[in-house]
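What follows are several structures.
Presented sequentially are two complexes of chain A, the first with chain B as partner and the second with chain C.
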Partner chain A sequence: MNEILVYWNQFINIMNSGGIIMWVLFALNLLLWYGIGYRYLTLKRGTRGNVRRLIEKHEKRGSEKKYSGLLDYVVADSIQAYKTAQSIGKKPRAFIYDAIFPYIILIGKYSILVKTIVILAPLVGLLGTVAGMIETFDALQSSSMFSQGDSIAGGISKALFTTELGLVVAVPGLIIGKILDKKEEQFILEFEQIVDILSTKDEK
Partner chain B sequence: MKILLTLFLLLSTLLSADELRDAYEKEFTFLKAQKTELEKRLRQEKLFQTKEVATTKQKVQNLQNRYVKLSQEEKNLENQMQKLSVKLDDKRSNKEIIASVLIQAKSLLDEYNIEVNDKKDADILKVTRKAFVDGAHLYKQLSSLEKENGKFYLTDGTKTDGTIIKIGNIAAYGVTDKAKGALAPAGNGEYKIWNQDASADALAFAKGTPRKDIKIFIYENLDKDVEYKKEKTLEDTIKGGGTIGYIILILGALGLLLILIRTVLLIRAGSNVKEITNTVVEKLRNNKPQEALEAIKGYKGSTARVIKATLRNIDKDRDHIEDIVTENILNESSHIDRFGNFVLVLAAVAPLLGLLGTVTGMIATFDIITEFGTGDPKLLSGGISEALVTTMLGLIVAIPLLLLGNLLSGWAQNIKDSMEQAALHIVNEYEVHKEK
Partner chain C sequence: MPEKKYSTKGRTLSALLIMLFGGILMVVLVVSFNKNIEKKEPVVKKEIRQIKSVKTKVTPEKPKPKQKPRPKKAQPKAPLPNLDSSLAGIAMDIPEFQTDNIAGDANKLLEDIVQDTIMNENTVDVKPSIVSRPPLEYPEDAAKNGIKGYVVINILIGKDGNVEIAKVLESQPTGIFDQAALDAVYSWRFSPARYKGKPVKMWAKQKIRFQ
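Moving on, here comes the complex of A and B:
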């Protein structure tokens, strides 16, 4: 318990040495990881098999199939839409698209937020650096040591801490964001495949 | 001729043979005696010579010994000489050090009116010892907290009596009934109260119980008046940015305004997608497309227009309907995407403008340096701090514009997607329920 308190105090100290920009960056960081976490959870594929076999399985077992991931739900909904379209004798493509649409929106959710924060964090860090530099040069100009908050060393520490935190926020976000984007692309391709398979079923 | 000569010789020989023998004999004895004499002398001489050689050798030996001894002595003396000259050098440098120490002591202690006798006939040892004792005394005095009554200026320029608490000779606090605070040099050895509040520390020092974190004004000497530091207001900071700073701020305000307008447009375009869809779908379930059209007549905005167009043409061929939906969405997208790119361009331009301002500010600073030289670092750092303001303003403008602009773009894309989906969904519902 005591150790946690010590770490907490250290954290507060570091954050305060960088000024208000640090807290802005920290808030951006929380937002970023919320977005990444959300995307990670929604982009879970669940099954490993390829799409063709998945559709076969679903058709065989019907509603008894256990759903283990996003793809399962998509396939189930698509088959449902396909059956509806068949019952009224229309082409199924539009119906399946209709069923898949909410999932396309779902897998794209927060992707823009993550990208924006990855671009934004280094900029905010730079802003902190510039503010710190201004403080440093001001202190050099008046060269008084009257108050601690407005000193040469304070300005420099502000300048360095904010840039550092900006990069610390941005770099993992960039890497993980790219991985998730790749996953999203994969999903879109698989959705297309599902639509194509189901719409060409009759002509087999 | 040769025979004649030989005969003559032979004759003469025969004639004088006897005489010759006598003569030879005489000569022989004489020579013999002389030989023995000579041999005797030779022996004596040899004996003498050996004796002489021995004595000479002895002499040489003696001389050599003496030489070695002398050269040894010379070496010793040389060594001694070297040692002595080193000692002399030491003494000389010591003398120089002591002289420089004395000069230093004099220049330092003169400031506090302590005399150091540097005349040539003075006893250096005594003078040095005195200087050190005085120095130690002064050090103790200067590193201690001292309270004394004195006069200092208040912030409004009036002079008052009060208690001055000196912290060595690097800082001071002043306490009077009217004002308390840190003291700053006012020139000519006088004090003035610094304009930032440090009254709590002044009181604590007056009581003799200094706090852990103190506000302090540290000065080098009291000869130079220190100007009050003005509190830097936001206005001053922006003024430091100059024309480019104002341009950036105007761009930022413009961007924010556009974002506001865009937000309003998007709210009106997309807020009622679900509501409209639900209403329409409900009517369509009962297979009443005309009623559905009536029901959403009251709605305005992009989504409503798209869905109305869909409903009007819902009896037509499927491909035809899809073309109509696409066309309508394209028509609305100019409305939905309005200002979107412009805001992002503003967000990209603002930091560049800030950089431009910084570069021009730097050029101005270096112009000042070419004129006045690099003697005063304060001149330089003031210019740089002003130059950096534009970069800061550029970033301050760019960051919110970028964030909001991107989020609004995402929102607009979402609205377009959901419009398309709603139209598709409605057509599908219609087809499903028409067949039943």
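Moving on, here comes the complex of A and C:
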């Protein structure tokens, strides 16, 4: 417990030595992880089987089917829309698209946020560095004769903290964000597949 | 309507938990990155290593004369601003400012102060260098028992290069080597520290190692 406190104090010291930009980056980091967390929880496929089999299962079992992920709900909604369209006697394709649309919105939620922060964090870090360097040269100009060396080195190391932090925020965000983007792409493709399978069913 | 509806209930809470994880991850990363830098910082100071020499030997080994440390170049100093010139440049039909009566020449004032001040390593232009350093005596008791240790001494080097005051700051083990080190230090001679070309008094720290 005590060690954690020491660790925390060290962290606070480092953060304060870099100035206000450090705390901005910290807030960005929290936002980023909220976005990543939300997306990770949303983009769970649930089943491993392919889409065609999933539709067959749903049609066979109906409400008895156990729903384990996003794809199950999409298939159920699509089948519902298909049935509605057939009962009116219209083409089902547009109806199914309408049913899927909320899910397309859902899987894209926070993706822009994550991408923006990943790009923004190094830039904000750079901003902090430039601000720090300006301060350093300011101090250099007005410092007394004896402390010049100290003020240069101290100021530069201070300025570089923000760049470091910017990269610390961006790198995990970039990696995990890309994985989640890939998943989202996969989902879009599967939605297309669902639409195609259901709307061409009569033509067989 | 479909049988079941997709709900995002509880997702915000879970996402907040992941956010907490992200925050902790950053804390750990930042602290662990910067820990290593802090460890490197302490600079090792120069030490004298004393070779054990036994008194009773008929032909005592002569300790090798140590190479004189090169006097470090003094850092260039920023010139003091001359108040006269900057004030005289303004042409506004106001009689010229005379700063002579107020404080005199700033440089001269500084020199006056320098004559009596005791400086330290950071403030002098030329650091003192050692001229003669007779070999130390290893205390007999300690030599018999094989005790090793060190003494840190604060030395006041006078304008003529003699050691005026020597004080023991720290010693390990306490008390055993203190007297031997002090006796030795008083017989050392330095070239005095200089500030603006003139010799000044200076406090210097010296670690002496007995082994």
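In this text, the second predicted complex is superposed on the first by the 193 of 204 C-alpha atoms of A that agree within 3 Å, B and C clash if a C-alpha of one lies under 4 Å from a C-alpha of the other, contacts with A are read in each partner's own complex, and residues count from 1 in each chain.
Keep this in mind: contacts are C-beta pairs under 8 Å (C-beta built on N, C-alpha and C of every residue); 3 or more make two chains touch, one makes a residue touch a chain.
All figures in this text were calculated on a predicted structure; none of them were measured in a lab.
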Please determine, from the superposition on chain A, whether chain B and chain C clash or fit. clash
Contact-wise, after the overlay, does A:8 reach chain B, chain C, both or neither (first, second, both, neither)? second
Looking at the overlay, does A:20 come into contact with chain B only (first), chain C only (second), both, or neither? neither
Kindly classify A:189 by the partners it touches after superposition: chain B alone (first), chain C alone (second), both, or neither? neither
Give one of first, second, both or neither to describe whether A:175 is in contact with chain B, with chain C, with both, or with none. neither
With both complexes superposed on chain A, which partner does A:153 reach: first (chain B), second (chain C), both or neither? neither
Using the touch definition from the top, say if A:130 reaches chain B (first), chain C (second), both or neither. first
Which partner does A:41 contact after superposing on A: first (chain B), second (chain C), both, neither? second
Against chain C, colliding segment of chain B, chosen among 22-30, 58-66, 130-138 or 310-318: 130-138
In the superposed arrangement, what residues of chain A touch both chain B and chain C? 145-146, 148
In the complex, the residues of chain B that touch chain A are 182, 194, 196, 198, 213, 215-218, 226, 229, 232, 318, 322, 351, 377-378, 381-382, 384-385, 388-389, 391-392, 395-396, 398-399, 402-403, 406-407, 409-410, 413-414, 417-418, 421, 424-425, 427-428, 431-432, 435
Can you list the chain A residues touching chain C in their complex? 7-8, 10-11, 14-15, 26, 29-38, 40-42, 62-63, 67, 70, 73, 76-77, 79-80, 103, 106, 145-146, 148, 157, 161, 164-165, 168-169, 172
Flag every residue of chain A that touches chain B in the complex, lowest number first. 84, 87-91, 94-95, 97-98, 101-102, 104-105, 112-113, 115-116, 119-120, 123-124, 126-127, 130-131, 133-134, 136-138, 140-148
Applying the document's contact rule, which stretches of chain C touch chain A when the two form their complex? 1-6, 8, 11-12, 14-19, 21-23, 25-27, 29-31, 33-35, 37, 75, 77-78, 122-123
